[in-house]
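I've put the structures underneath this note.
Look for chain A in each of the two complexes below; its partner is chain B in the first and chain C in the second.
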Partner chain A sequence: MNGQAVEFPKQALLTRLALSDSGFVFDPVTGNSFTVNTSGLSILRLLQKTEDWTDIIATLQAEFEVSYSVAERDVLEFATALRSAFK
Partner chain B sequence: MSRVITVAITGMNALPESPGPGLAVARCLREQYGDRVRIIGLGYDALDPGLYLSEFCDASHLIAYPLHGSEVLLERLSLIHQADPIDVLIPCLDAELPLMVLLAPRLSAIGIRTFLPTAEQLTRRAKDQLPELCELAEVHCPELRALTHPNFFHTCHNEGWHYPMVVKGVFYDAKVVYNAEEATTAFYKVAAEWGLPVLAQRFVAGEEYNLTAVGDGAGKLLGEVMMKKRALTSKGKAWAGISTLDENLSAAAGRLVAALNWRGPLEVEVMRDAQGEYHLIEINPRFPAWIYLSQGVGRNLPALLLELALGHPVHEFPTSVAGTFFVRYALETIVPLSTFEHLMMAGTLDFNK
Partner chain C sequence: MKQTWVKPFLTAHRMGGMNKFGAVRAQNHQSDIDGVEIAPLLEKYGSPLFIVSEKTLRDNVRRLRRAFATRWPKVRHGWSYKTNYLAAICNVLHQEGSWAEVVSEFEYRKARANGVPGSRIIFNGPWKPNDILELAAQEGATIHLDHLDELYALEQVACKLGKQVPVGIRLNFDTGYTDSWSRFGFNLESGAAKDAVQRIAASPWLKLTGLHSHIGTFVLDVRAYSAQIRIMTDFMEQVERDTGCVIEYLDIGGGFASRNALQGMYLPPDQIVPSFEQYAEAICGTLMEATKGRAAAGKPLPTLILETGRAVVDDAEILVTTVVGGKRLPDGRRAAILDAGINLLFTAFWYNHEVKPLRPLNGIAEETVLYGPLCMNIDVVRASIMLPPLNVGESLVIRPVGAYNNTQWMQFIQRRPAVVMVTQNGEVSVIRASEQLEDVSGLEQVPLALQQPFPQGIPA
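What follows is the complex of A and B.
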């Protein structure tokens, strides 16, 4: 990531989301809902606790047994998708 | 309630693209009180479906359209009241509210209670009065222009107005238009149906949210329930929706109710822009057709209104629940020809006789 911070939506917005084990995500303020896959759900759950992307990548590496670069790519892609969902 | 209370409810029309709220109000009361409430459906047309649904209405009566004036309406309501005494009347349609508000003292004198706004409150929340109200309540509101002629749509750019904009009737109807031709067509259509003036409103990009509640008449907002439409009819009404919870919207509605000292049910329609700011679009002086969602989230607002109208103390509602989903459907009810004939010819039905 070459020292660049990953830009996620504001944490206050992410912490209010209701996350279901099925991957169904509901925003109680806007009434919007969307679905995420297993790794997306893990990232969202981590984002509700921390804004430190290095922690998030490390946890994903351990949870899914993937390399740093794969976990990093997933986080970057997911951050883009989240920003788009909350535009 | 220790005795059976008779409640008369208007707005029993239920066309799928734009249903009246009456049937949903009746359903809320039936679920809250069961047989302890006798429900009288009041309709303007023998084809209003709610008038035939005996699971919600114990009796049904036709009444005169508001255009016939208050005396004709009072005479009809008095006749119904003599035959079938009414404790509380809940009007559910915008167009009849001015007459009902005017008649409220005389209805009260013959024993029919209401819980309605004053004429002044009703006027101050009229669509063309909203900017003034919003300034007082510190709520955003898109600029409005009352029009008696469509010329404005061809010259509006000189005054800083740009397309798209919204063309609206004083009571009902709103169409987003993208050029002067569309706006002119919408102007004549709205004017023909709802009269003049026709309103032009600046377009606010965002998502629509609705809030319903009851004002206690002393400035307090009671039992607010918020909803986002998830599927629309051709008229832009909710075909599916989901309850939401936003303190900012609740606070904005609270300020509007306080500014008006609103008494009675209301629906607040807002647009939420990309920054999360709410812009007031309309305040409707009655329950919305989606009021059954209030029962769904544990805040039966028609029951609250009934208790207020009866002068009973009201209890605090539990916190509203976000994520309660509803979806509508249309179904047929079978009506014997004799029943249809009786409503057409006698203007009345009683399912308990």
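What follows is the complex of A and C.
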């Protein structure tokens, strides 16, 4: 899987998000708020620092009990949700 | 220690979406049916799988009978074959004393094959071919005429048999509560029903003994049945007065709602669906009032016939299905693809079935669309339901599904799966094996010239 092919929302947009440990996500520009679960929170935190696909999956595998293929599939699907939420 | 992985999700907070009734359904799970674990059944019989509870089926029909028999002295239940004519289900109900209520030649023969004598069959429906009409008349079935052509056909049959045949007529009329199903039977308001009665009275071969009507389906207002009884008893008195016949029974059809959620219904079924006792109170109370002068006039009280199908069988059967894929839709909603769709769950077109996971699932529930496995856009099991993230292989229980699905299901794109029954003593019996390719293609015949390999080969 080539991480370059996955389109996440712009990093500037993701880095402005306020993320709380409890899963509360606040976008200070739009005023929108969201709830995210633990795996989603980890992905958002990673995306605030990097867009490197290999890094993201490897870090998730280090944090969670998850196979490479499941993590890859679920992050791909999560990217759809992120693009829809943060346009 | 590593954390457990749950599919990542993000859900937007929306204001103003609160429901003042607070009707959030408990997202609990269902892992067994009558104490029998479902997961091993899936392993043994495959997914999807229909599971029938014999106990619930018997409990339901007993409750129905008790509700009416404690309020009216003569009650008969005719099991509506079209609702679910799997032989094991029919025979549970026949064992409980229910007659067979059939609406076609196929159903008549099915009831006979189940071991039901013709004298315990109620024969409805708009098309009764001559040969089956003759058999039904010979065997003493309760025949309900739907139209004039059938009246004349039965008269000829009776003449041929050389005996007078007792007969009922199906009526249709406006109760003021439900749409009149005017396509079935003889209309009361137009005078067609009265004309039919007069024609029967004039025939030496036919004898009017009963009146039948069915006012609709999933009738939630019990007052509709009170109105039906009033109209039917008024007509009964009129035809007895006019022709001298004696009406022995009133058959009020079916239509009782089951505890299923109709699409567009605002309140949950538990709050809106009347109990058997509520239906019985309305029907028998009105019947008592309308017939109180009959004993003094030396006339018998009519037997009350019920053709309740849906409310007896619906919650006695579940469909267990398994997630085979998932995706995120462009509008942000989650979607799961199941191995069971509208090919098995015809009622998904009008119900929002209850869906429960087989085991407790982690994660916060979010709006999910449940799609079936068919390559058809209309294959939607639930257009919107709050469910936790669903992984491939996760199984779900869909309920109630006992009414109309095992009769209206389709062999379309997929084969139909097995149906098993959990018996009263906790044993599991297959009551319909899963279909195999040969079951479907076995009826087909391919002309010799079209059989492969083609003698002239295949164009490149």
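General observations
What we mean here is this: the second predicted complex is superposed on the first by the 84 of 87 C-alpha atoms of A that agree within 3 Å, B and C clash if a C-alpha of one lies under 4 Å from a C-alpha of the other, contacts with A are read in each partner's own complex, and residues count from 1 in each chain.
We adopt the following convention: a residue touches a chain if its C-beta (ideal position, glycine included) is under 8 Å from a C-beta of that chain, and two chains touch if they have at least 3 such contacts.
Bear in mind that the values here come from a model prediction, so they are computed numbers and not experimental data.
Of the two partner chains placed by superposition, only chain C is touched by A:F64; chain B is not. In the superposition on chain A, A:T30 makes contact with chain B only, while chain C stays out of contact range.
When the two structures are aligned on the shared chain, A:K87 is found in touch with chain B, with no touch to chain C. Of the two partner chains placed by superposition, only chain C is touched by A:D74; chain B is not.
Applying the stated contact rule after C-alpha superposition, one finds that A:D21 touches neither chain B nor chain C. The residues of chain A shared by its contacts with chain B and with chain C are 32-33. Residues 25, 32-40, 42-44, 62-66, 70-71, 74-75, 77-78, 80-82, 84-85 of chain A are the ones that touch chain C when the two sit in their complex.
Per the touch definition, chain A reaches chain B in the complex via residues 18, 26, 28-33, 87.
Here chain B touches chain A in the complex through residues 207, 209, 227-228, 230, 241-246, 272, 274, 322-323, going by the rule given at the top.
Looking at the complex, you find that chain C touches chain A at residues 2-13, 326-328, 330-332, 363-364.
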